[in-house]
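Working notes, beginning with the structure itself.
Chains here go by letter, A, B, C and D, matching the order in which they are written, and residues are numbered from 1 within each.
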Amino acid sequence: MIEKVFRDPVHNYVHVDHQVIYDLINTKEFQRLRRIKQLGTSGYTFHGGEHSRFSHCLGAYEIARRITKIFSEKYQDSWDSHENLLTMVTALLHDVGHGAYSHTFERLFDTDHEELTRQMITNPETEIHQVLVQVAPDFPDKVASVIHHTYPNKQVVQLISSQIDVDRMDYLLRDSFYTGASYGQFDLTRILRVIVPVEKGIAFKRNGMHAVEDYVVSRYQMYMQVYFHPASRAMEVLLQNLLKRAKFLYPEQKDYFALTSPNLIPFFEKQVTLQDYLALDDGVMNTYFQVWMTSPDIILSDLAQRFINRKVFKSVIFSQKNEKHLGIMRDLISQVGFDPDYYTAIHRNFDLPYDFYRPDAEKPRTQIEILQKDGSLAELSSLSPLVHSLAGTRQGDNRFYFPKEMLAEAGLFSEKNHAFMNYIQNDYFIYGEANDC
Amino acid sequence: MIEKVFRDPVHNYVHVDHQVIYDLINTKEFQRLRRIKQLGTSGYTFHGGEHSRFSHCLGAYEIARRITKIFSEKYQDSWDSHENLLTMVTALLHDVGHGAYSHTFERLFDTDHEELTRQMITNPETEIHQVLVQVAPDFPDKVASVIHHTYPNKQVVQLISSQIDVDRMDYLLRDSFYTGASYGQFDLTRILRVIVPVEKGIAFKRNGMHAVEDYVVSRYQMYMQVYFHPASRAMEVLLQNLLKRAKFLYPEQKDYFALTSPNLIPFFEKQVTLQDYLALDDGVMNTYFQVWMTSPDIILSDLAQRFINRKVFKSVIFSQKNEKHLGIMRDLISQVGFDPDYYTAIHRNFDLPYDFYRPDAEKPRTQIEILQKDGSLAELSSLSPLVHSLAGTRQGDNRFYFPKEMLAEAGLFSEKNHAFMNYIQNDYFIYGEANDC
Amino acid sequence: MIEKVFRDPVHNYVHVDHQVIYDLINTKEFQRLRRIKQLGTSGYTFHGGEHSRFSHCLGAYEIARRITKIFSEKYQDSWDSHENLLTMVTALLHDVGHGAYSHTFERLFDTDHEELTRQMITNPETEIHQVLVQVAPDFPDKVASVIHHTYPNKQVVQLISSQIDVDRMDYLLRDSFYTGASYGQFDLTRILRVIVPVEKGIAFKRNGMHAVEDYVVSRYQMYMQVYFHPASRAMEVLLQNLLKRAKFLYPEQKDYFALTSPNLIPFFEKQVTLQDYLALDDGVMNTYFQVWMTSPDIILSDLAQRFINRKVFKSVIFSQKNEKHLGIMRDLISQVGFDPDYYTAIHRNFDLPYDFYRPDAEKPRTQIEILQKDGSLAELSSLSPLVHSLAGTRQGDNRFYFPKEMLAEAGLFSEKNHAFMNYIQNDYFIYGEANDC
Amino acid sequence: MIEKVFRDPVHNYVHVDHQVIYDLINTKEFQRLRRIKQLGTSGYTFHGGEHSRFSHCLGAYEIARRITKIFSEKYQDSWDSHENLLTMVTALLHDVGHGAYSHTFERLFDTDHEELTRQMITNPETEIHQVLVQVAPDFPDKVASVIHHTYPNKQVVQLISSQIDVDRMDYLLRDSFYTGASYGQFDLTRILRVIVPVEKGIAFKRNGMHAVEDYVVSRYQMYMQVYFHPASRAMEVLLQNLLKRAKFLYPEQKDYFALTSPNLIPFFEKQVTLQDYLALDDGVMNTYFQVWMTSPDIILSDLAQRFINRKVFKSVIFSQKNEKHLGIMRDLISQVGFDPDYYTAIHRNFDLPYDFYRPDAEKPRTQIEILQKDGSLAELSSLSPLVHSLAGTRQGDNRFYFPKEMLAEAGLFSEKNHAFMNYIQNDYFIYGEANDC
């Protein structure tokens, strides 16, 4: 085919020179990703971060295309160029099962975007499947097996999913670009020069170690500053409590929900097909919430309004030790008339910025390997004091969310506000004598 | 108030140090702009261009803030710093009346986003009005008068609306940044250094003329390459024909539309309130279109699917002279079964990149003035051969849109395709001997 | 050979995968380019513009490498990939004959950097020649013939030297990057996608015309704002008058110059070998000027001090018509004690931003060709109104330079200053009633 | 005065609105900095890094200007705005005593750029002093005392010299920009927003901690990858051995050196005045080396040629433990005819990326303080695990340099090359069984 290009602000151009890729992009399932924001509720904090999963998937594909092109040209002995198409296709499709506000939605309705990605690829009714099957009858299953880490070629699997894969590389660069949080930038050009296929997977040449180090640090910084931002999590909490309320009301108000939010019914009823799932996107969800803003149920309508009009909850950090005392705050909240089930929440955000392979871990990580001059491999953190300091330590915090009305500055319930503020110091929940966070 | 900042990828930070600005941002009418894309259908061509009008309005405000700060510090004799707040507020709110896919929507339903902006500012029921009126009882009217160019201080009016205003400066930089079309970049820093308030409005110092020149060229390039891109206009055409079909069907299928697209009813009925208008956004519209995809009306459902799944029409450029012969193409389209009323369209896109003041013009433009060393003003194109070449000449093209199925490569209706292709050469509609476009 | 890379801030990396290129870079003649600034005296105005011709030559080579790689992959029918090495080598060496402050120096001492480039390539004593001759005995001559436009393959010649060649593309991007004058940026990535070899040379695909247009405008802007900046030309004028004075003094003070500036003697004596030329660079010249600062000749020492310590002359623009009256200013300058031969100068700077082919012109230009869909070529300005406006018109100005001491603000010679200022208005030399510039 | 601006590629514009600053820039001592490269020999490795100390000093000044402007506007209680000028002047002049290739030169000739900076400021003969003394008679001494850390206002001292000062902030951004090593970039805008004057000096607000963290990591990365690059150190080693040879030869060849390198005589004679020092710059040194290339002393001429034509030495890393065995390599080098005194060298490069205050350290560091919400200060590494990992640990390596001719690939002395290579593995000097580096 004649090469097609997509202008891309992160990679300059996304090049498509394979008909299968072009056809996949034009499927309705892939086009649907235009209607789902990559960053979910983070766009409410970083207003620039309004890009879609469509953009990210094109970007992950483009990185895969560049890597496989380099591998095919430079490493014909250690890389099988027949894997190029599979790698590019999987990169393109790796997130195709993501839905609206996935993280919150999945927790409440027990869906799983990885499983849905698999279905979109293997279900004969999807346009995606119909394109894939033309490559070879077993091609859809191959793609699915890469996503599930069961594909025998570990090089392909690690390019798609490991601690430094095309997915993460694109989302760090892209989220950083769009939000304006420059910390996520790293030297992709350099990484593309030092990435090598080795026997058991992927490695990086020793003289590019600092670029990999920089990538790990960038990833850590994006988590700390963008992905774990308290205000974005406040929107997640609102969304979660709003949907929880709808779920609670549903059995008594089936007609109301059938009329106002038809595409959610299968989820309330726990009888979900792939088509039901595909029918949801950010716009549909927000449309429903806007209708709920006039619901007679005062909690449903209030939470919907808070979400749509971005009236975020506030929060404090609490230590594990003090978690058991949070009831004191919940009581005060309840006393001024808020139902704590819907007006408070605990939100935990932790990430392991990097880890070496621990065979006994629940989910052992594929460690990042550095290829030395004499051909031996060394695990990244053994060479980098910077990465060593981040390895194996979970970073993040626990937060307790509550209505802004509880703060003294709101000035609504002077006495209760005052009592409530006694438990807060420097954004921490304090209890007893010491603030031991 | 304590200064608040918003991280912005274009201006680095948007600074808010006035409570009125902060309160306006937090109104539900302003938050609604998060749900309306700045570029409408252009995002379907430039996938990175997914930013909202919310981002753009913050950006226009930020430029206004910087300019008024500079004016207040450097030009106390020629600028009245009491106008700072008015200027910043108007910059923030100048687009607040924009709705989903405004340009197409307005044409079909006879709405007017400028008029709606005025209503949102002056109607006592809006949260925006309620914030504004606290500044002074006549403040909302003042803001509205700036937007309508009737405010007596021409400096303020020109900052908000002229051939080089805060609106255009932000959208060029922003659309360029997000789409990746670097042509829209110009040297804002330099322009902020040379912009000056003069007696009759705004001017630019002679030593910064090249930056202004560059801005005019950038604007021209963005129009030619992004805003007038044939694929984006193909999506506009689809949208327009889809809504036209719905409008046509409505009288006979009122129940269907009441159920599937309740918020459009007032528009079909031509009885629209401000609240009706506010209830529409991109997500709501797309949600309705997704429902229409299963409509029993084959044209409605087909056009809805084409729009949602981005199956764009194709097009040819035609000359004014040949417009009268387009019926030939319409006939062929009709012969293979497409209703030309819904499957073809003429789309005209022209822009006047720059013009000097012509008192007799329909909409005379405020020309760009250059301030010379001896205090005299000179009109930009009299000094710049580059701008002179663009002044007064409308740039753009007329296109005729039709289904992709008509092209030979589609191979559907071999004979008709062949006949159709006879009228196309190098993207032009040709008729008779010469292609005189 | 194993690919070598050079980190480059403009092109990210310069890749070297051919031993000949690597060996050429390591010759002493090429390394000498590190000691010659690309922008000559412009670095005294744009302090960031301190990069060397070494950097620029690597950059021009890198663009040539990318283009020939693309041509070899995509256009095997119309491009002969045996020309790749020749193209890359010529791009690398195209400026190797440049000396310190070339433009000024050449005018005074009648040298010619193009001729010297030829000598460095063809003279058997140079390391460059010794590397080249290993490719093939006639390879040095081939390289020289490309530089002299006599090589039969016009594609190669135009890549090296035409209105849009690797030299200009690199220097615009590079000078823009280093000076901070963003106007010089254009979309190289896009141009690399649309450049094509055609029968008679090089063309650009129609869908990339706007990128070429942008390049032409960028070039124009860099000339107007950076290359023709009055302060840089003031330094050129100082340099020229300083060397003129040395030349004048030489016959009487041969010993003085032999001691203080040995490498200039061959130039004073007009008996210059290639080795003499190679022995000069910016550092050597400045070292000599620093010694001259203590010369007993008051004009030589004063001009040397002004140059080394950047005490620039001032200037006015004059019209062709008024040139004959400049004697009035010279007289006043003379009256306060400055020798007008060394303390004034006329400096003309004009450029033709673009032109189409004019067979009768003194130096006919190779016009920029646009390749249309049907394979025909069209000259750029026939398609682009923007370029049309710049075509064929020389842009620039004439300036008359004089000591800063003549300005009123210097306040040295009150009466004469006053008389002098009467002839200046808005940076123009005025004479008689009207300022008709 | 009317504000003057300098276009700067790093800070966009350097603004000068104080006559003292403008006059200082125009002194001959400051203009001399144009002739001294900021990065010394690093420009031979990173060809883009050719910027001068002039550029860096303007940049450090600009950061100081921005900070003091912010402090004066926002922190009138804790910052004395009378210190603004002193801070800006000191930032501008902090490096004015730097000479050509300072680090190498100072070691050999026992000069000290800090002491020379003091002299340029306090010596009544310099133009700098003459400008400064017009501010106030004790102003030069004040400036000098800031540079020597004895000025009582610790805020001013820390802005000029601490672990995060205007000097470091500018050189990281600038060296990163010019070399193309993107690792040095950090978020200056953010740091300018969170920097605060506190009682004992300078601190950074808690919500900007990640930007400070990023700065520390960037600094570490620039050291590891740019400043400690083995090839740049190879050039330093060449330079040092070259000057060592000249020093050795001088007593016997006084006439030769008086003729070829007059400005070095005072240094050979150890009788150096400030004027002698000012007469040296990069161009002067290189001019001398070019003359030495034809010296009859074979070592002097050979080393001069290697330096001028960039024929770098090669190196191996060695462990402290193995240092005592390096004699083996020196012997082999000697056996093929190289004098190890001039053809080998040990080069140690270590840096302490960050440290907290250790009262007992030789040079205790001013630690970076984070200002918490309740007004208390916390040392950076106590809050940041990333910085904690870098604190207090010296990073770098020891290298042994030798002629490239010793490597097997040179193929000159087959047997000795072979013997030599036996001691090298993966860039390390190995001795005995284990490579325990």
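One rule holds in what follows: contacts are C-beta pairs under 8 Å (C-beta built on N, C-alpha and C of every residue); 3 or more make two chains touch, one makes a residue touch a chain.
Quick caveat: nothing in here was measured; it's all calculated off a predicted structure.
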item: Joint neighbours of chain B and chain A, given as chain labels; value: C, D
item: Relative to chain D, chain with the most remote C-alpha centre; value: B
item: Comparison of C-D and A-C (more C-beta pairs in contact); value: C-D
item: Inter-centroid spacing, chain C versus chain A (mean Cα positions, whole Å); value: 52
item: Intercentroid distance (Cα basis), chain D paired with chain A, Å; value: 43
item: For chain C paired with chain D, centre-to-centre distance based on mean C-alpha positions, whole Å; value: 32
item: Per-residue multi-chain contacts in chain B, two or more chains; value: 12
item: Residue ranges of chain C in contact with chain D within the complex; value: 6-10, 12, 26, 28, 31, 34-35, 43-44, 46-48, 50-52, 54-55, 58, 177-181, 279, 281-284, 286-287, 290, 305, 308-311
item: Sites on chain C touched by chain A in the complex; value: 5, 12-13, 189, 193
item: Footprint of chain D on chain A - complex, ascending; value: 182-183, 185, 187, 210, 213-214, 217, 220-221, 224-225, 372-374, 385-386, 388-390, 393, 395, 425-427
